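The same chain A turns up in both complexes below, where it pairs with chain B and then with chain C.
Entry: the complex of A and B
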């Protein structure tokens, strides 16, 4: 309902509805959101800076902690970047194992998200249900990697632990369990009347807007963009999977309009896709080495003699992660840049949140699967405690100055 | 309503369904208590679980590789005097450890091993139970002034 009375509504930075600190300032007209301002920067941890003081192996474990859920995607993108510089060939078996863990991670992330989405609209039974079935994939990951999250599986040039026959049995059992459940679960998630009523036509991000804001991951695919790093820039075993296509709501016969329902449909379909990819990898798992056989110290010593820059891209469950490193004959990189998916997707909140009702705010915010801490890359705090904002022009000027200085030296 | 009251009273007087915590209050040999239903058996952890580290002081050569690769900087190298020879040894701060197993993989003498024990809670952060190898440190550490220079 629209009304003449306009009032501001502040949510955050610390609010029970959010898992992480972020501030929204809504301009409300009656029951409707007329405008929104988003304020990042409350949970900056300085990971990029810390990384410059650690050696190449230590950074892997640091980057696992960029995000609790994407704890494989971030170090993987970093390893890909380093392998890009050092021109290290990853053995085939390691490529497949990397794919399997990546897809298991996607599975558990999407199940987690469906639970959170259900919780945000007050459908707590579904929340319990999805989190209950999610335990199976976490158990599988625990048996296979030793941990439920922060697996510690990656090393530069391969993986650290192999899949044993017992592990593959567990994975096969897990696949059967999910394949059996999938039809029932997807029916609840995609056809349930309550869910449809709360998600259809809400939080619309049109295709043009998604393109404009450079949306990534399920957020972009929900708006009908066929964009998936696994297919566009394949790494790991994705080269070998001919049937892999970016998921779109068209796969269930629905023209995408970019609402919350479409994003949910994409995630539900990706659960099935992940299961198929894992099955493919398990069936075609090549024999051979899982890493170069060199110890961590040897790898560090080798990288110490290199210079150059590398880039690694990988499709995390929430969208594209991208890591950029510069090596310069040192034991640690001299520059590391982390780009998390929420960094791109965060801006799509503005068109999504405009003209919706207050009650829909939580589900629309949750619909891009935000991870605020991953996206916080820079914070300026002045001595008096006030935050300072630097404009694009200012930062551009600064970078030119810096570049000129170092070029003159 | 009456049923609820009854349930609450029953809960108050029934035996506790949790174990004592921190784990050090649980006696080492628990089989006798199991039958009486006083404690719950520990949870079975999966194969490949990474838990508490153990350190073999005798076989360590003090090469320092473990402290170099440790991502959490949880391993500290100190100077020690063993059999009147100057050497180095390590202590591992479990409160900082992330249980990544890098130190176990890198150690050339297999002096660090990983166990499946996950019950590590204690009151003191730097107490003996949470610093692996601290008992040797107290015994053998020498203050090395050459290092400072």
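Entry: the complex of A and C
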């Protein structure tokens, strides 16, 4: 209901609806949201700056802690960036193992999201159900990486642990378990009347808006944009999988309109896709080395003598993560930039949240699967606390100055 | 029944003064927890939730997450305390009714952990608040979190 009275509504930074600190200021007209302002930065830990004081191997473990849910995607993007500069070839077996862990991570992340989304609309039974079945994939990850969340599996030029025959048995059993459950779970998630009533037609992000705000990952695919870094810029074993396609709600016979239901459908279908990819990789796992066999010291010594810049891109469960590094004959990179998916997706909140009812705010916010810990990368802090806005011209001029300086040197 | 009516003087180690007659009898059974994220990487947060899920099922001990600090007995804090959230954690701590316990989940709340040389840190938390139980690990396993809660109970028995 619209009314003439406009009032602000502050949610956050500490609020039970979000698991992470983020602040929303809504402008409410009656029951409807008329505008929204978002304040990030509560979990800013300065990781990009810390990384410049650590060596190349230590950074991998630091970047795992950018986000505990994408704790494989971030270090993987970094390793790809370094391998891009140093032109390191990753052995085939390592590429496949990386793919398997990446997909296991996607599986656990999507199950986790489904639970959170169910919780946000008050469907706690489903929350318990999905988190219970999620334990299976965590068990599997634990058995073969040694940890439930931060795996520590990656190294530059490969992976650190191999898949033993016992591990592959566990993975096969896990796949069977999920394949059996999938039909039932997808029926609950996609056909349940309560869920449909709460998710259909709200939080709409049209295709044009998704393009305009550079949405990535399931948020973009839910609006009908067919973009997926795994297919557009394949890394790891994704070259070898011919049937891999970006998921869209059309796969269940629904024209995408970009509402919460579509985004949920994309994630549910991606669970199936991940299971298929893992199965493919297990069946075609090549023999051979899992890394270059060089120790950390040797790798660092090699990278110490290099100059150049590299980019690593990978499709994390929430969308594209992109890492950019500059090396300059030093024991540590001289620049590291992390671009997390919530950077791009955060802005899509604005069209989604406008003109919805107050009661739908939590589920719409959760629908992009926000990860605030990923997005809080850089803030300007001034001692006097004054807010400062950099205009486009100012930034443009700054960049010209910078390039002039480096050209003169 | 004496057990239920024991009252003690304890030192509030934040201010170093006596806080008179805090009655811990209400805390003997179900601990209600309020979870606050002060700049963690989410891993510890999802492990706390996993602790409450059917596999580990901490709710059978009466441990429950509540939506407001005013309903809580225990403050579960995850993450290093960043500069921007410092005021908020102090406010939330004030809102928890006495008697209260503070538990740190994860190494980075206790020692800043992997982010130790960061410029954006106001922590570790025990420089700001009195902390009762530390659960180390990056992230700690759900078993460790349950063990930490058991330790909190033990601590209450001793008081």
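A few remarks follow.
Just so we're on the same page, the second predicted complex is superposed on the first by the 398 of 409 C-alpha atoms of A that agree within 3 Å, B and C clash if a C-alpha of one lies under 4 Å from a C-alpha of the other, contacts with A are read in each partner's own complex, and residues count from 1 in each chain.
Please note the rule applied: a residue touches a chain if its C-beta (ideal position, glycine included) is under 8 Å from a C-beta of that chain, and two chains touch if they have at least 3 such contacts.
What you see is a predicted model, and the numbers here were worked out from it, not measured in a lab.
Using the contact criterion defined above for the overlaid structures, shared-chain residue A:14 touches chain C, although it does not reach chain B. In the superposed model, A:160 makes contact with chain B only, not with chain C.
Contact with both chain B and chain C is seen for A:61 once the two complexes are overlaid on the shared chain. Of the two partners chain B and chain C, more chain A residues are in touch with C. Contacts of A:41 after superposition: chain C is touched, whereas chain B is not reached.
Once chain A of one complex is fitted onto chain A of the other, the partner contacts of A:6 are absent, as it touches neither chain B nor chain C.
When the shared chain is aligned, no partner comes close enough to touch A:334: not chain B, not chain C. Applying the stated contact rule after C-alpha superposition, one finds that A:400 touches neither chain B nor chain C.
Of the two partner chains, chain B is the only one that A:295 touches; chain C does not reach it. With both structures placed on the common chain, the touch criterion links A:179 to neither chain B nor chain C. Taken together, the two complexes place residues 61-62, 150 of chain A in contact with chain B and also with chain C.
By the touch criterion given at the top, residues 13-14, 16, 19-21, 41-47, 49-50, 53, 61-62, 65-69, 71, 112, 128, 131-132, 135, 138, 148-150, 371, 373, 381 of chain A touch chain C in their complex. Listed in rising order, the residues of chain A touching chain B in the complex are 54-55, 57-62, 139, 142-147, 150, 152, 160-161, 166, 295-297, 300.
The touching residues of chain C, when paired with chain A in their complex, are 36-47, 49-50, 53-55, 67-68, 79-80, 82-85, 88, 92, 108, 114-115, 117-121, 138-139, 141. By the touch criterion stated above, chain B contacts chain A in their complex at residues 46-50, 65, 68-72, 98-102, 105-106.
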